[in-house]
Amino acid sequence: MKEINYWQAIAEALAEEMERDETVFIIGENVQEAPFMATRELIQRFGPERVMDAPLSELAIAGATVGAACAGYRPVCDLNFADFIYCAADEILLKAAQQNFAHAGKVNAPCVFLGVAGGGFGTGPEHSHVPSAMVLNNPGLKLVLPSTPYDAKGLMKTAIRDNNPVCYFFHKKLMGLKQEIPEDEYLIPLGQADIKREGTDVTVVATLYMVHHALEAAKQLEGKISVEVIDPRSLEPLDMDTIIESIKKTNRVVVVDEDTQRCGVAAEIGQQIMELAFDYLDAPVARVCSANMPVAGAEMEKYCIPQVEQVVAAIQSVCY
Amino acid sequence: MKEINYWQAIAEALAEEMERDETVFIIGENVQEAPFMATRELIQRFGPERVMDAPLSELAIAGATVGAACAGYRPVCDLNFADFIYCAADEILLKAAQQNFAHAGKVNAPCVFLGVAGGGFGTGPEHSHVPSAMVLNNPGLKLVLPSTPYDAKGLMKTAIRDNNPVCYFFHKKLMGLKQEIPEDEYLIPLGQADIKREGTDVTVVATLYMVHHALEAAKQLEGKISVEVIDPRSLEPLDMDTIIESIKKTNRVVVVDEDTQRCGVAAEIGQQIMELAFDYLDAPVARVCSANMPVAGAEMEKYCIPQVEQVVAAIQSVCY
Amino acid sequence: MSNLTNTDKIELYRKLVHTRKHDELNVRMASEGKLRTFYHSAQGHEAIGVGACSVLHKDDYLYPHLRGHGIPYVVGKGMDPKPSVSEHLGKATGWGGGITGVHIVDKENGIFAQGGTIGSAFVLSAGFALAAKKNGTGQVCMCFVGDGSVQRGQAHEAMNLASCWKLPVVWVVENNLMAWFTPCCDSFALKNIADMAKSYNMPGKVIDGMDVFAVREAAEEAVDLARKGDGPSMLECKTYRFRPHSEGRPDVCHYLPRSEEEIAEWKKRDPLVLCQKKLVKEKILTKNLIDEIELEADEKAKETEKFALESPYPDPSILNTLVYAP
Amino acid sequence: MSNLTNTDKIELYRKLVHTRKHDELNVRMASEGKLRTFYHSAQGHEAIGVGACSVLHKDDYLYPHLRGHGIPYVVGKGMDPKPSVSEHLGKATGWGGGITGVHIVDKENGIFAQGGTIGSAFVLSAGFALAAKKNGTGQVCMCFVGDGSVQRGQAHEAMNLASCWKLPVVWVVENNLMAWFTPCCDSFALKNIADMAKSYNMPGKVIDGMDVFAVREAAEEAVDLARKGDGPSMLECKTYRFRPHSEGRPDVCHYLPRSEEEIAEWKKRDPLVLCQKKLVKEKILTKNLIDEIELEADEKAKETEKFALESPYPDPSILNTLVYAP
C-alpha cells in the first residue's frame, strides 16, 4: 500500500493507461500544466504529442475528441471546469452520446470528458456546478463521480478502457484528500456501488464530495441514528440493486446530490426507489441538493449548495 | 369565438404583442418564412427590422438575444428545432438563465426562446427531442409547453411580457390542431394548470402532445377507470397545488412526458408528489416517458417515444 | 487534370449520372410520400462530391455534406449508393442501419459519423484528421460543408485548430449561395468564403463547382498538400441547388419565391451537361456510350429501389443494445 | 490625438495610476488571502481599458475583459472603481452585489452583463450593439476580449453577424500573447489577430497596447465609424501581462516558467512609465503633479479597501428572490 492523494490518483491512472495503450492521449486547454491536477508528470513523461495543449476552443476540442475516438483513439478530453460542458453541449451531449446509437452500433466513440466540479471555493455560477443530470438526461454517456483517491484511480482506468464516452467529474474539495491505495494495478468496474459506511436505520445515497458530508452527518448522529452511506460511484451505469437492498433493511432513505435539485439526480433516484421499493418505504425519499438557483459565489455560495446540517436534518426528518 | 389552429395561434400572439410593444422583435434563421409556423404574415406586417433573418449562427443569435434583452428589448429567438438549444447551451442555459441572479437583480433578460419540439415525424435524434429537463435543471429560465391553440396563444402573450427568459416549446404534431378561441385579447398566466378532463380514479399529468395521448387513453378507459387529465401548461412556474389537490381525490397518478425518462420531468414531479402527498398515494407514481435512449428516426421512432398504449397500461398498473 | 486518362474522364461522367439518377429516385419517392424522412436533393451539386471524392483513397476519411444524404460522395469515392433509399425508408440495410433514416456510416470506407446539426462536420472532421496524423500513414480527411455551416463557430474553431496542428484535412465548401432560405449576401460580409482561409493561414481557393474536372484538380492539389504534412486547405466550390432546400418545402429566398431566371441561368451550367458537352467535344463520349451509361444508371436505381422496398426493418429489440457499445 | 488638451493627457495618466493602484490593492489582498475569489491582475494591460474607454459616452455599452475584473474599463469611462474590492469580498456593495464575487454590472453606465465563460463577451456585445442600433441614438458598444477569446466560435459568429448587420460595436482585443498558459504562437496560425477582421470585411488594426495615446486614438476612430453607422471594427492591442494568469497560480508557458527576460523586456514598456515619460518630456507632467496623483490614488485605494471591509454581506434571504425577476 502507498499513500496518495486524489489528484495524484487521477494522474497515476492516466499515466498507467497512457503507458499501456498508445491510443490514449490527453487534449484540452493547458493540459500540460494540468491546472486542476497540479501535475507536470504527464507532459514530462509523454510529451506534447500525447498531452496536447489546444487553443481556447471547446467546440473543436470536444469535437476532435469525438472524431478521434470514432477513428480508433481513446482521447481524454479535459474540459477544465465541468461547467464548460455547456460550451460544447452539442459535441458532448449529442455527438458523443449518440454516436453509437445513431449509427446502428457501427462506430462507437470511446473517450473520457474530464472536468473539475462542485463548490467549496466560492468560484461562482459558471465554475461551481456538478452538471450530472444533464449528462444522465442524454443517454449514451456514462457518468463517473469518484469520492476517494482509491475510487478515483480505479474508476479512471476503467473509464478509459470503456468503449463509450464517459464523463468523469472530480471534485475541487477532494483534491488533497489522502488515502492508502494498493501498489499493484487495480480497476473498479463502473456500476458497482460502494457501501462507505454500514448502518441499519437509514440509507444515505451520495456521490463525490457529498459522500463526505454524508459520512460527517452519520458521525454526528452516531449513537442516535445508525446511518448507512452508499456511494454509487457511477450514476450510469447505476447500481440500484445495492441501494434497494439497503432500503429493504432501513426503510428510509435520503439522497444527497450537489447538482441542482430540480430534475436532478436525487429526483431520479427517488422516483426509481418509489418504483422499485414503494412498499418498503416508511417515509418519503428525502433529498438534499443544491438549491433551485445558480450557485452563487463567495460568501453566498453556502446558501446554494448542500451543507452537513441539511444532511443531518434530512436524516432526522425521515427517521421520525 | 373564431376557429384557429395551433400555429396560427402562435403567430397571432406574436403579431399582437409586436403591435402592442415596439421592443418585441423576432430573430433567428429563416424566421421571415417562419418554417415551423408556416406564416409569412409577420414579415409582411412588420418588415425585416423586426423579423430578422440571421446567419446560421446559433451562438450569436442566442447571445444577441440575451444582450438585446438586457438592454431593454424583448426578443423572441426562434431556435428552429428545440433540440438546437444544445447549440447555444452556454448562451441559453447559463447566460440567459443566470443574468438576473448573477448580477444581483440589477439587469434582467426578458426574452423568449422558441423551438419546435417532439417526435411524430421520424426526424431522428437531433430533431425530435423535447429538452424540458435541461431547461428546468438550470433555474432562471421559465418553461412553457402549450397543448392547444387556446393555450398556445394566451401563454405566448404572457411569455413575451414576462421579465425573464422563457423557453416556449411547441409540438410538431399539434401544428394543425384547431380550436375555437375568443375574438378578444386574453392572456393565460404562467403557473396555472388546466384540468383538461375531470375524473375520480387516477390523475394523469401531461404536457404538449402527451396531453392528447392522455385524453385518448382516458377515452379508451371510459366506463372502467375515470381519468383526470391535468396539463400544467408551464413547468416553471409549476402549479403543484392543482396536481396535489387532484391526487388527494384520486390517490393514484401517472406522469406522461415526452422528454427522456432519466432525470426528466416525470421524475421531478414524482419526487415532489412523494414529498408533498406521500400519505395520499395508494400506488407509486408511474411515469411514461421517452425511453432512455436517443430518439430514433423513421420506423424506429415509435419505440422511443410514449405511445397511447403505454399510457393506458400505466394507468391500469396504478389502478390495481 | 492533364493526367486524366479518357477512362478516368468517362468514369467521372458515369459517376455524375449515377449520382443524379439516385438523387432523382429519392426525389420521386419523396414526392410519392414513401420516404420516412426529409430529403435534401443534391441536384446541381453533383460535380463537387463526385469530383473531389474521386481523388480519395479507400482509407481516407470522408465527412459528407447533407446534399443527397451522401450519394455524391459515396459514388465519387467508388462506393455503392444502394443503401441510400433503404436508410430513407428506415430499413436495416440502410447505411446507418435505418436507425435515424438519414445518417450514413461506413467504417471500411472511412465514413465514421454524420451529424444532424449543421457545422458539426467541421469539428468532427478535425478529429478524424487528428487520427489520420497520429496514424502516420498518409491518410487525409475530406470534409464537405455548406456555406451556411461556415457561419457557425465550429468552422472557426476547427479551421484554427487544424491549421495550428497542421492536420491533414481538406474542407470543401459547397457554396450554393444560400442556407435554407437565407442568401449568402445577407449572411456573409465578404464575397468569397475562400478568403476566410487567410485567417487560418491556409490555402483557400474559389472553384467552379459545376465543373467536375476543376473540382477534381483542385481537390487533388489540396489532398497532396495534406498528405505531405502541409496541413489543411479550403476549397470553395460555387454551385447552386436546383431544387428546394428539402423536398416538399417552399422554394423561397427569405420569404419570396426564388427567381425563376436565376434558376434557369444556373441550369444552363448543369454539371452533367457541362461534363457531357466537354467530353463529347473531346470525342471521348459518344452518343452510344451516353445512352449506355444512362441505362446502366437507371438499372442501378431500380435495383436500389427494389432492394430498399424488400429490405426488412430493424428489429426494435436491438435499440436498447445500441445506447451503449459493448 | 492631436486634439487632446493637456488636461486630457493628464487625466489619462491619472486614470492609469488609479487603475494600477486599485489593481495592486486587489493583488495584495489576494496574497493576504482576503479575496474570496480569484483575481486576474490587469498590470501591463492598463493602457487599453483606460485609453479606449475614455472616448465612450456614459450611455455607450461597455463589456469589460476579465483583466482587473473591470477596473481599467470603469476607470477609463470615468466611473468609480470602489465596488471592486467589495465584490471580491462578496459584499453587498460590490458591483455585482457580491453575489458572484466577480461580475460587474452598472446599468446607468452601460455595463449590462459579464460572463464567466471566455468568449461570451462577443455574442452578448453583439446584442448590446443590436439594441444600440435599434435605439437609433448613436450609441456604440465597446467590447474587450483577450486573444484567447478570439479562438472561440463565439468570436466568429458575432463578428460575422455584426458586420452583416452593420452593428455599432468595437472589439478591442487585448493580445497579451497568451491565453492561460498557452502562447498565441501555438494557438493561432496567423501572426496578427487584426487580420481576421478581413473575414468580416471590417477594419482591423494592430495597436501598441502599451501606449495609452495610441489606443485612445484608434478607439476614437473606430467609435466614430460605429456611431456613423459604418459598422463594427476590431482593434488588436499588443500587450503583456506582468503577473501570472491569476493570483497565486503558477506563471508558466505551457508547463515551463515564463522567460524572465521576456517579462523584463516588456516591463520596460510599462504603460504607466511610457505615458509618464512622454508627458514629462512634453513638460505636461511635473514631479509635483506625479506625486500628487500618486498620493490621491493611494488615498482612493485605501478608501476602497476600508469601504469593502466595512460593507455588509448580502442578506442570504434575497437569493431566492433573484432567480427570477419580478
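In order of appearance the chains are A, B, C and D, and numbering begins at 1 in each one.
Rule of thumb we're sticking to: a residue touches a chain if its C-beta (ideal position, glycine included) is under 8 Å from a C-beta of that chain, and two chains touch if they have at least 3 such contacts.
For clarity, every value in this text was computed on a predicted model and none was experimentally measured.
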Centroid comparison with chain C (C-alpha atoms), farthest chain: D
Inter-centroid spacing, chain D versus chain A (mean Cα positions, whole Å): 36
Whole-Å gap separating chain A and chain C, where each centre is the average of the chain's CA atoms: 41
Centroid spacing, where centroids are CA-atom means, of chain C and chain D in whole angstrom: 45
Multi-partner residues of chain A (at least 2 other chains): 54-55, 57-59, 83, 86-87, 90, 94, 101-102, 124-126, 139-140, 292-294, 296
Shared-contact residues (touching 2 or more other chains) in chain D: 98-100, 103, 115, 117, 151-154, 157, 160, 164, 186-188, 314, 319, 322-323
Touch-based graph of the chains, sorted into line, ring, star, complete or other: complete
Interfacial residue positions of chain B with respect to chain D in the complex: 25, 49, 54-55, 57-73, 90-91, 94-95, 99-108, 110, 139-140, 142, 163-164
Touch list for chain C against partner chain D, complex: 151-157, 160, 163-164, 186-190, 195-196, 198-202
List of chain D residues in touch with chain A within their complex: 36-38, 88-90, 98-103, 115-119, 148-149, 151-153, 179-182, 186-188, 249-250, 252, 254-255, 313-314, 316, 319-320, 322-323
Touching residues on chain B, where the partner in the complex is chain A: 83, 86-87, 89-90, 93-94, 97-98, 101-102, 124-126, 132-134, 136-140, 236, 259-260, 262-268, 270-272, 274-275, 278, 283-287, 292-294, 296
Chain C residues touching chain A - in the complex, by the definition given at the top: 61, 96-100, 103, 105-107, 112-115, 117, 120, 122-132, 134, 153-154, 157-158, 160-161, 164, 314, 318-319, 321-326
